[in-house]
């Protein structure tokens, strides 16, 4: 925009096209070539990711904007503004680092893996730069599909595929919100540009905001959608590191940050976003405390930390939210990769079994500690500062929100402390027995698995500057959020002390076992009971209704008529005949005549009715023969009747 | 040449095809009947296009009909091959799965 | 302005004669090549087509049990008819019999007629070998037809017209063979294939006792053999119009150039085909679909991009 | 007048060969009778100045019928010996329905007061078709092409008895596929 007037235009646009086109083309090519290119896949994909990083920094400085006609009145618009100039480099760097880790770890069918990851990265870039709803929807769908494919990457295991399916369907339910929002935006007439959504007239604007909230909550695993993130942990660790911490889940938060003006203008939406975020941060924090599986703990913590981002978007603290999003991305990617490194080395991610794992690989342990301490909100590390900045916004709008947020921060210190303490405690002599429960461990962490951790740890430690005065002011200027409230010294120090206190408490005493939170608040069960089961039961009912009622009903009616007819016939025999016999005493000829008329008349009539009903039943069943030509004949007759009716009725109606 | 004449010819083709589709037992012969019906449709579409609204877009409909024929043909052959392989028969009378 | 005009319909009578003469020249060349290979004299080779015609004209028809005579006769006469119908759209110098707006599609439609005709020849005789020949031809046809279609489309895209005379005019500056060599090669191979000739002559292969030719004799056989040469000739002539600039050339009148180029291409077909081993249809299928079709599609894409960029 | 005579003659050929499809005793004759019917309709399209679509119809349908003949012979295994065959069911009802449908359609064609012609055909119909496809009606072709592609895939899946696991082994690791007949590229 402003930069394009400086003459960067073509370079920036080329870089943006490259940023999207290169990974998607390479990704599709890798996916299509299949197992033959497995050996080539890693270098190719690393090269592509490195090119993406370069292109990302170019676009971050040149700020290009692209507008391609797509649908009538809704162009496919991409542009890099202050917010995406931060997010896009962050995503590409994390992608590169994660891919380096994955290449060092070595996956089976790596061509497919790297291909899917690259397509996903391209989709994230489109999401982060989209300026219109069609572009956003397009990328949003691809992200969902790639997430499905990557969680179920080892498709020979049924549970992983079903986990992918759970994630896909749950986020899809949320995605419906985006379609609703697009429909409402069209109906409202303000256009499909993201910036124009806030200008939509009132009732439609509320529908748009509701749809956007739904989509963001779904992708960011906020309540009540959180459970899919738990199932998503069955995917490979690099996938968790990229999709479920830095990129896809973060896009839910990003969407709300981007649309913060829309939320602000519809006040209820801002309040909802803030409170759902705060409550998610609190409850999922508790869930994280209760987990006994390292990746599950990290997943719950991801949902909780994104709760803070939602809270920031809700209270309009865009700078704080953005800083938190970026710092969290680095931190959580680091933690997931470290967990993945131990998983591939020791074959387990159960916390009890991992006891002392940090001592075995001190470098990884130290880096992990940096990440965990940042997560806990320990003073100079990144999440401490960013969290405080967004909580300052919360304090300004509502003290209650602030208190909930502070409690959630304390919980994050608790679960971080729990992981830290277990991993650094002295290993038990029986530690071996807990290993290799999930896969065969290699007992080895490669050099190139450690280097990405170093990079990410640097980010986790240092990105806090984004929320502190010199750099923080620049960030606020970039995002146009100079007026956001700043945290006071008291709050900064207070929260650091609180985090240290909780950490110390956890190290000193054991963490309470929160049984009610261990199963992710039973969200998945609840969904199954409240939504999935009724729907599938209803459809089964409908199918059976068709079989039982429509099909057999006719037969039953026919049988009943037949039976009724027999009974009538019998009672007729008994009573009328008896009467006739009685009458016959008066006159034998009259009696016999009457009896004859009875069998020939009433009886026969009743039986013929029954026969006719039976035949009708048979006829009604006859069309369903399975014979193709008879179906054709029926279609012909029905169409002919329809034509005749049309010809007769249309003039009559006119 | 009038619209009525062409339409009557088209109706004739259509109904000859209809007779075939209804009366033939062999899958491929049924498909020939369907093809003949679509043949009539092509002629009728052309007639409507030429005599009622001869604009550019009408021709696209003809292409769509031809594409539909292709799809019908391809899937018909595939299903006939499948039937022949699994049942050793190509009669429609033996394929009554739809009655279940 | 188009330099090619439709001529008086009277010339229709001359077209078969011209086609026959060129085809006969091709047959004579083939005779020479065969005679040379067998160590006989050139004269005997040159005379062999004439002698063969005379022999077949006198030969009595062989009959087979329960032949489908109607379809058989249609098939036997069909190849020549198809070749004649093709000549209608081929420009010779500045003249063409019928310069219809969709000449290229017309040519393509007649290619497809060959499918039906060859299969009917194989079917009619009620003989296993000849039916196998018919099937072989169809198997080969599904392999060559799609590459052929795209090879035909390529010059059309460059000329912005399906009319053959427009395609010829569009080559004033540069013959299409120069910048669409792949399409030209594919087209030439397809011509050889639909003429059931040389490496693509499996339908009449010796391994199935002559395939479609097993049971035909007398005039029928003559018509089929003549039809194959005629198809080869029309294919060469059409390639001249589509790729080799039609009648363009220095000094000589352009009708002569067309005929010279046609003869040259025909001779190339005949000589080269004798030097290439026979390709089995089942092997050809995979090559044609996996290699041939993508290559010719790339050629079309390249030409389309060039045309789009030039505007 | 001349055009009506020519049209009627071609129409008679189309109808007669259409009837012949279900009357002749040989599969090959039935198939090629249908081909003739299609060619006749293609010629009729040419009479409406639809050069491109007319020729394309002839091209497509002759090709289709050539392939159809293969399937005919493959499934029915008949020799050309003009075996009398009657593979029909429900003959009477089919005839009644067909005649009824014809009467209805022809009655509609003759009795409905059709509206006046609006607009006039373009000078070059092939060009106008191309412009319609690449312009206002592009969506139609964009829809047709994936459908055709899906048809190719679906037909292969249905008709092919051997999947990739049969060819490349259970782990898809075989270096050359296990085919009864090797392809030309020996992959």
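Letters A, B, C and D name the chains as they come in the text, with residue numbers starting at 1 for each one.
Keep this in mind: contacts are C-beta pairs under 8 Å (C-beta built on N, C-alpha and C of every residue); 3 or more make two chains touch, one makes a residue touch a chain.
It should be emphasised that the depicted structure is a prediction, and the values quoted were computed from it without experimental measurement.
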Selected pair, greater C-beta contact count between C-D and A-B: C-D
Between subunit B and subunit A, distance of the C-alpha-averaged centres to the nearest whole Å: 45
Inter-chain centre distance, subunit A versus subunit C - centres from mean C-alpha coordinates, in Å: 60
Between subunit D and subunit C, distance of the C-alpha-averaged centres to the nearest whole Å: 26
CA centroid of subunit B to CA centroid of subunit D, Å: 7
Subunit D residues counted as touching two or more neighbouring chains: 56, 67, 89-90, 93-94, 97, 101
In subunit B, residues with contacts to at least two other chains: 18, 22-24, 93
Touching two or more other chains - residues of subunit C: none
Pairs of chains in contact (touch as defined earlier), listed by label: A-B, A-D, B-D, C-D
Sites on subunit B touched by subunit D in the complex: 1, 3-9, 11-20, 22-29, 31-33, 35-36, 39, 42-43, 46, 49-57, 59-60, 62-64, 66-67, 69-71, 73-75, 77-82, 84-85, 90-91, 93
Subunit C - residues contacting subunit D, complex: 65-68, 70-71, 100-102, 105-106, 108-109, 112-113, 115-116, 119-120, 123-124, 126, 135, 138, 141-142, 145, 162, 279-280, 282-287, 290-291
Of subunit D, residues touching subunit B in the complex: 3-4, 7-8, 11, 14-15, 18-19, 21-22, 30-31, 34, 37-38, 41, 44-45, 47-48, 50, 53, 56-57, 60, 64, 67-68, 71-72, 74-76, 87-91, 93-95, 97-99, 101-102, 105-106, 109-110, 114-115, 117-122, 125, 128-129, 131-133, 136-137, 140-141, 144, 147-148, 151-152, 154-156, 158-159, 161
Subunit A contact footprint on subunit B (complex, rising order): 18, 21-24, 30, 92-93, 95-100
Residue ranges of subunit A touching subunit D (in the complex, touch as defined): 35, 629-630, 633, 636-637, 640, 643-644, 647
